[in-house]
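One structure below.
Naming follows writing order (A, B, C, D, E and F), and every chain is counted from residue 1.
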Amino acid sequence: MSLEFLVASAIAALVAGGIYLALRGRTFQVVLGLTLLSYAVNLFLFAIGRLVVDRPPLWAKGVTDHADPLPQALVLTAIVITFGMTALTVILSLRSFLESGSDQVDGVAEPEDAA
Amino acid sequence: MVAPIVVPAVTAPITLRLMRRHRGAALAISLGACVAMLVTAVVLFAAAQDDAIRSYALGNWPAPFGIVLVADRLAVAMLVLAAVLGTVVLGHAVVTGADRRGWHFHPLFHFQLMGLNGAFLTGDLFNLFVFFEVLLIASYGLMLHGQGALRLKTGVAYVVVNIVGSALFLIALGLLYGLTSTLNMADLAVKVAALGAQDQGLLRVAGLLLMAVFALKAAVVPLHLWLPRTYAATMPVVAALFAIMTKVGVYAMIRTVPLIFGARAGAAAWVPAPYLLPAAMLGAAIGFAGVLTARGMREQAAFAVLASTGTLLMPVALWQEAALAAALYYLLQAVLAGAALFLVADVTMRRRGQYADAIVPSPRFAQQDAAGLLYLLAAIAAVGLPPLAGFVGKLLILDASFAAPGWPAVWATILATTMIGVVGFSRSGSTLFWKATPQVEGEALVEPIASTRRSRAEFIAPATLLALLAALTIAAGWVTMQTGATAAQIMAPERYVAAVLGAGR
Amino acid sequence: MTLVADIIVIVLLLLGAGFALIGSWGLVRLPTTMERLHGPTKATTLGLGALLVASVVHAQARLGVWTAHELLISLFLFITAPISANMIAKVHLHRARVGTVDEPEGIAGPPPRPSGDGDWATFEAPRRDTPASTANS
Amino acid sequence: MAVVLLMAARRASRQVHVGIAAACSAGGLAVLLVQAGPVLSGRTATVRLPWIPTLGLDVSLWLDPLALLFAGLILSIGLLVVVYAHGYLGKTEPTARFLSFLMLFQGAMVGIALSSNVLLMLVFWELTSLASFLLIGFWRDQADARQGARMALTITGGGGLALIAGMVLLGKAAGSYDLATILARADLVQASALYPAILILILVGAFTKSAQFPFHFWLPHAMAAPTPVSAYLHSATMVKAGVFLLARLWPVLAGTDWWFFVVTSVGLTTMLFGAGVALFRHDLKAILAYSTISQLGLMVMLLGFGTGAAVAAAIFHILNHAAFKAALFMHAGIVDHETGTRDIKRLGGLAAIMPLTATLGVLAAAAMAGLPPLGGFISKEMMLEQSAHTSWHGQALLVPVLATIAAMLSAAYSLRYAVALHFGARRTGAVAAPHDPGALLLAPPAILGVIALALGILPMTLAGPLVAAATAAVTGGAAPHLHLALWHGLNPALFMSLGAVAIAILLLWLYPAAAASVARLPSPDAKQMFDRALATSVDALRRLSGVIHRASLQRYLAVLFVTALALAGEAAWRFGVAAGARATTPASPVAVVAWAALIVATAAVLAVDRRRYLALVFISVIGLVMALAFIHLSAPDLALTQIAVEVVTILLMLLALHLLPGNPPRLSAVSRRVRDGAIALCGGLGSGWLAWAVMTRPERAGISRFHWNNSYSGGGGTNVVNVTLVDFRAFDTLGEITVLGIAGLTIFALLEPAAHGVAGRRLREWRSKDRFSPERHPMMFVMATRLLLPLALLVGMYIFLRGHNQPGGGFIAALVFSIAILLQYLASGFDWTDVRRRISEHQLIGMGVLIAVATGLGSLVFGAPFLTSSFDHVHLPLIGEFELATAMLFDLGVALVVVGAVMMALAQLAHVAQRAAKQDPAEQDGAKQDSTKQDSTKQGSAKQGREERS
Amino acid sequence: MIAVTLHVATAGIALALLLNLWRLLRGPALGDRIVALDTMVINAIALIVLIGMIGGRDTYFEAALLLAMVGFVSTIAYCKFILRGDIVE
Amino acid sequence: MKNLLPHPGLSAMLLIVWLLMANSITVGGLVLGAVFALVLPKFTQPFWPDRPRMRFGRPFLGYLAIVLFDIVVANFQVAWLILFRRNRDLRARWLVVPIDLTTPEAITMLAGTISLTPGTVSSDVSADGRFLLVHGLDVADEVAEVARIKSRYETRLQRIFA
């Protein structure tokens, strides 16, 4: 098995899991789904620079063999943004639950005791 | 050139700091910043009149290695539009006190403008993503401003859908980078054109996914589902600002397709082409049908926004210069008209007590005639009847799309949907402003706003937008000349590439 | 010298990996939660410690530099590992006391009460002005 | 041309309003009269202002005889109507609004007449529809008025849209939108493949406006308008716009079989139908409305004949009809005004009590009946004469016979109107003793009546030149030989006319019986049908729209996923996405193990998805594997970030999880889960394959080569990733921290009010079903964190300072700082920790953004672009060489924002439940009263309280 | 020789990770799962150290240090959640 | 001096940690480390009220040595148990250790030591802070084990935290 296959199949698994969870009915499941999706996207964006083992992009004189630094920088930016978005989503869904008494994404109110 | 981004970026934290203790000063700075932004935008606009495309290398790193801002006619026109809309809407928010209905309105507002301006100016695809995120997350904040159960619930959907959209954006972007190893849009144009046969499939996947993302932002059918409730649930003054948000998606298409996915892009040439036109036609149909069936003014305005996007994407989808020019004119007026509808909804619902914006008869309310007149004018603009700019826009579209493939369908859609819109607005308008029910005793649970000098000030902003629409009509000759030149610039991407990468390349 | 260093490195590596593996094996084969807790808290700390020392020696032997910062990792682990174990034990005690189905009592049975009239902090709020309470500080 | 906004003088007296409006009309009329001489002598006056050159839409007006005729008609009747309205409208009616609408209409109408650019004409055309809408709905409290207005707008506006299409096509076919040019290119247009479409579309526009069958039904309902409006718009002018349009475009459209059959047939049908219905209506205005329909049909039919003589007849009839019909409407208005009813069955014998009114009514009705010596007689004769020469599809008799029948019916309803109303037994409706009205009401119709009479007696003098010139303008030829006179000798037309009148009288004799039998006929009510059709379709659309736009995130996402999949699938299917040829990297066993852990953990997350706590635990595993993968694949910065973000995310989720409802039941059905599973599977496979395809392609030299080469020399750092973040792509980072900052602000805005209102109540009432340990702050943990805090801060400092050259940087350092502080919250609780913090999150975020921007702006001072970095290696005695880079200052801004945002999210979330619990009942009530409209002072004080604490 | 040993050691840690994973999936007690997760973190640190040694570079030290420092935070948070529900009170 | 250097022990530790992290001893590193070693304790002062006085002299070093030695021993013991002792032969026991230490810092250190050393894990402290609950993996004699813990670790800690 090649690393490329492992990464690609990991992306596949994460995306599949992410999509499935994102399509569920409770906000927390959706948040989990988004988390999986963001893992997948980060990995994807990272893999786009091609996989290089043990050649971190730290400049040194004469070194030419290195991982592509740019996708890493992009992924870093993406991680930060995703974190902000995740935090917001988590708190928004919580707040929405507190306001409506239901944690269903489609806003069907449940009786209080079921909550 | 960086000012349209820096000004709001500085204003936001300052207003954040000042708002607590010195509201007056904060308001002055906030509004002043909007005006400054407007002035900057106009200066840039004036500079762009020489038809030169200017690029600005951030951090002094040359393109395509660093991030560049690019001010071409399209970008500066969008800047002016955003600044105008921002100023008017902010003024309205202050006058109506909407900015005090929750936390951090002003910082969020300026961050929103920063995101918009950044998205318009940037010449880098990943940077476009970043500014999309800035404007989106600011829009989440604004969208939730004022809160309430419905708004929060709707907000969850809005946020989640857009997060998934952002994930798609990254995947598309990643694919493009994987194929071309560049992010600069001009450089992408060059590299995409040079891709070999084996990469065409991937290229097309990337292009189509990117278009799907833009379509989601632009609320193109069938990716529009999120829009009506979101815009209807938010505060009208915020929704008025959002009138430009869907157009950012359209902007992104207009920016990227001729440049990156133009004729030389192989399998990705004019990449949204087969699908955009039918989607746009459906969008116009669904939008205007929504105008007819809406139960509330905000919902109606939201559908009108949807309709305008559909209408404007029809000529865009033809990817021809004249059609694009017509689309750009329509875009300008559609943003103003959509915003006007929301602001009119705002002044109306503030006066109708618990009837709010529901399209049902209510007892007579304060300043009904004035609100009715504004509604009439806004509806005229939105639906595209004379004498306001919507009509001119539609005429331009009809004229420009003639003889393009599928023009009879485009024409039929535009005219038929206009018809539906006319029926819709006339029904709702006569229900809202003509029909009256007697005042029921003790009904006014929510105190409506009475007619006062202060409350009359609330009409300034919507009236301003309508005046701008009128100006857009009267000056249509000049404006169409501008949009024509803009379209010519867009359809000649080699000039953009040369301006960004230097003539040597 | 290099040979000695190499041998030290090899031994430490095997020792470290071995202890880590044994610790994890303990986690699998020991009968209940409390017993399993012993594996990681001990075997892995030394296991990791041995690997870190191996790394130090290795760096010295190969690259000729003294790098001691690996030891910091051990420092942090020595501070944190007992806390983790303590908290997990509390989880176990609490859940066993509450009677959760999937939290069987270990072979040691329920914990004896401390002498005197009180109970363990997991079951009884720590009393003020005692070392068990940090509320007074 | 003459639109005056009376709104400006809204508060002035009605006299002023009427004065302005009348002056307006009169002024326009004066201008016309001045121009009339030259125009009739063949010199067309033109005005041309460029408007939208790119579109070919100019404000170009011309005044040819046809325009003159029409504009004169509009302005003169307008003047009379304004005067009439002054008498007609009640004292409390908003005359300013009424007259401004009326003037808007008048201006638009004149615009139609004068436009010499077809696009401009469209503008005015639609404006008339709009003005008509406003005027019909003027009495907005009446349901009839509102519905009538909407119906009129729907039909005429809709027709207008067809007209738009027709006109633009016409312009395209003729190669210009300039009317004169178009009129000269009939051959071009008629040869065009578009001609049938152009014709049909334009005819639809004209027929709807002129209430031709089957678009006629809006007109009777437009009678809900005040009578001046009916008189003006719906008899004299607007409805004639369609006729005008046919006349205007006659040279370019007429003369073909298409034209003849469609126009003639529709006109003839309308004429017959309108007349027939008019005979059996009892509402005065309804009679007049159907009569108008019929008369319009007549004019249309004449234009359809396609001969110059027929055109002349039509044009003369336009004049006649305008005079007598406007007069009749005003008459009906007077009757209504005085008697309180318009029901002809409740009225009779008015001649005795309202002699002047009666005289007027009889005179005008006689004109409508086509009796000599009135103008109506002449034009009817001309019509019959023309129809006698017309053969319809080989049927020589069809047109004359039907035309005679129509004339007969017209005579019948006209006579009925004259006789039943004014003679016989006295019936006065709701009022006991009606009387003639004042001069203001009487004068305008009187003038019109006189004109109607004069047109009969002195036709050539009064109308001859005008009709001739206008006819010439229509036909585009020389002025035809025209002989307008009462007596043309004994020709077929006279016999047809005589016969028609005779039968009409006979018919009136038999009227009661006929009326009874007609009443038994099913009478489909167009309005009800229209309303029902509209309501049904609105309901259906609303249901459809409701189904489509149901508020369902699940659906939004499913559509999004499916769309993306379909698009990607299309591309892959059409062009293929094959793997590349790049050599793959063999995976070590440990990589396989880590991979297995990730796959298993992902599957476990799905398997336990509703046991959220466990799902989170498995998410942790995935995060850990991700970090390991980043290490293995040469991305230490990413690994660091991943590790730190993971912890913060887990804390956040646990905080939220605590307040969310417990393990919930499964929501979705099996079928739904299968569907979602299929989507997920496709998405997973697709994205995995895309990744595979890219990874197996050889990499290309791209822009990152530059980054690598310039990282140290140009950016002053060896960690290329960090240099990219804070230098090459610092602008991205600026945007990114802005995102975080906004997230922080939004989170605060979300959580701050959560202690109030519904949410606050729910928080206070919230009780977990789980039993918890009573121990809040475990001793060992607390003690360890006290030692860890300085250590972690030190590590953070280290990571921050070396980030430029080694893995690390502001963002990771900030996360370490945040975690160090969060650890204190975790161990010692919110209150304990919060009082010990020195700086608020707001300040951190604000300062961070400002520092980052200011760093970028700093370079502007030195004349370099925004965000240009600068660095130097500084030598200090004792300390040695170290590096100072502005990029580090930028990184400091990053760090501040990150700490601020993270703390905002977690601390606020941790705080919210407790704050709600601490709310005293008094404040609860205040909050309940108005949860959305919090006044700012209360927020301010809450805010201050928070600030003082921190 | 050292290279071989390094790979052997790595394989050992990998095996240890698998064992942890098994316990994590299996439970049965929550405590078991948390221990398993905690141990995974420690083994991951070991793995990072070994990867650093194999590559002969110092670059991964921070990652290991960070994991040692913050890895236990999530363990504690998971425990605190079970014990108190509210992890910050 | 006390103002400038309120916690010499902590400061020294921070300095050492800094130097270890920097992985080199340079003047610049020392200065920077010293700055942090001085500033951080002061900055974190509010988060650690009543920092106990500790003696970092010989007793402390001796204690460290013993603990390190015990950790190694413990690892072998526990490894042995894991590998070769059958589950049913495990003599897992709860031990209740009465403690004479009075500061939470000291008790925590004791508890931590117990967890790191042979076959024992500190599981809880009593609500009054006078007993530790310790889990032994294989305890033959409970009383002897408790006595060993007290004599080997607690007495030394008492000296350090005097």
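Some points to look at:
As a working rule, a contact is a pair of C-beta atoms (placed from the backbone, for glycine too) under 8 Å apart; a residue touches a chain by one contact, two chains touch by 3 or more.
Note that this is a predicted model, so its numbers are computed, not measured.
Across C-D and D-E, the chain pair carrying more C-beta contacts is D-E. Relative to the centroid of all protein Cα atoms, the closest per-chain Cα centroid is that of B. Comparing the centres of all chains, each the average of its CA atoms, the largest separation from subunit E belongs to D. Here the spacing of subunit A and subunit E, counted between their Cα centres, is 21 Å. Each chain gets a centre from the mean of its Cα atoms; for subunit A and subunit B, those two points are 28 Å apart. Between subunit A and subunit D, the centres computed from C-alpha atoms are 39 Å apart. Inter-chain spacing, taken between the CA centroids of subunit C and subunit F, is 13 Å. Shared interface positions of subunit F, i.e. residues touching 2 or more other chains, are given as 17, 21-23, 104, 107, 111-112, 122, 125, 129. For subunit C, the set of residues that touch two or more other chains comprises 18, 23, 25, 37, 39, 45, 47, 67, 69, 72, 76, 79-83, 86-87, 89-90, 92, 94, 121-126, 131-134. The set of subunit E residues that touch two or more partner chains comprises 10, 13, 15, 17, 34, 51, 58-59, 65, 69, 71, 76, 80, 82-83. Only residues 551-554, 557-558, 561, 582, 584-587, 591-592, 595, 598-599, 602-603, 605-606, 609-610, 612, 615-616, 619, 622-623, 626, 629-630, 632-638, 641-642, 645, 648-649, 652-653, 656-657, 659-661, 664, 667-668, 676-677, 679-681, 683-692, 694-696, 699, 702-704, 707-708, 711-712, 717-721, 724-725, 728-729, 732-733, 736-737, 739-740, 742-744, 746-747, 750-751, 754, 757-759, 762-763, 805-807, 811, 898, 901-902, 905, 908-909 of subunit D touch subunit A when the two sit together in their complex.
Contact residues of subunit B toward subunit D in the complex are 2, 6, 9-10, 12-14, 16-17, 20, 23, 56-61, 64-67, 100-104, 107-108, 111, 114-115, 118, 126-127, 130-131, 133-134, 137-138, 140-141, 144-149, 153-154, 156-157, 160-161, 164-165, 168, 171, 174-175, 177-184, 187, 198-202, 204-205, 207-209, 211-212, 216, 222-223, 225-226, 228-229, 267, 275, 286, 289-290, 292-293, 325, 369, 376, 380, 385-387, 391-392, 394-396, 398-399, 402-403, 411, 415-416, 418-419, 422-423, 426-427, 430, 433-436, 476-477, 480-481, 484.
Within the complex formed with subunit B, the subunit A residues making contact are 22, 27, 30, 34, 37-38, 40-41, 44-45, 47-49, 68, 70-71, 74, 77-78, 81, 84-85, 88-89, 92-93, 95-96, 99-100, 105, 107. The touching residues of subunit E, when paired with subunit A in their complex, are 51, 54-55, 57, 59.
Of all residues in subunit C, only 18-19, 22-23, 25-26, 29-31, 34-35, 37-39, 41-43, 45-47, 49, 67-69, 71-72, 75, 78-79, 81-83, 85-86, 89-90, 92-93, 106-109, 111-112, 114-116, 118-127, 130-134, 137 touch subunit F in the complex they form.
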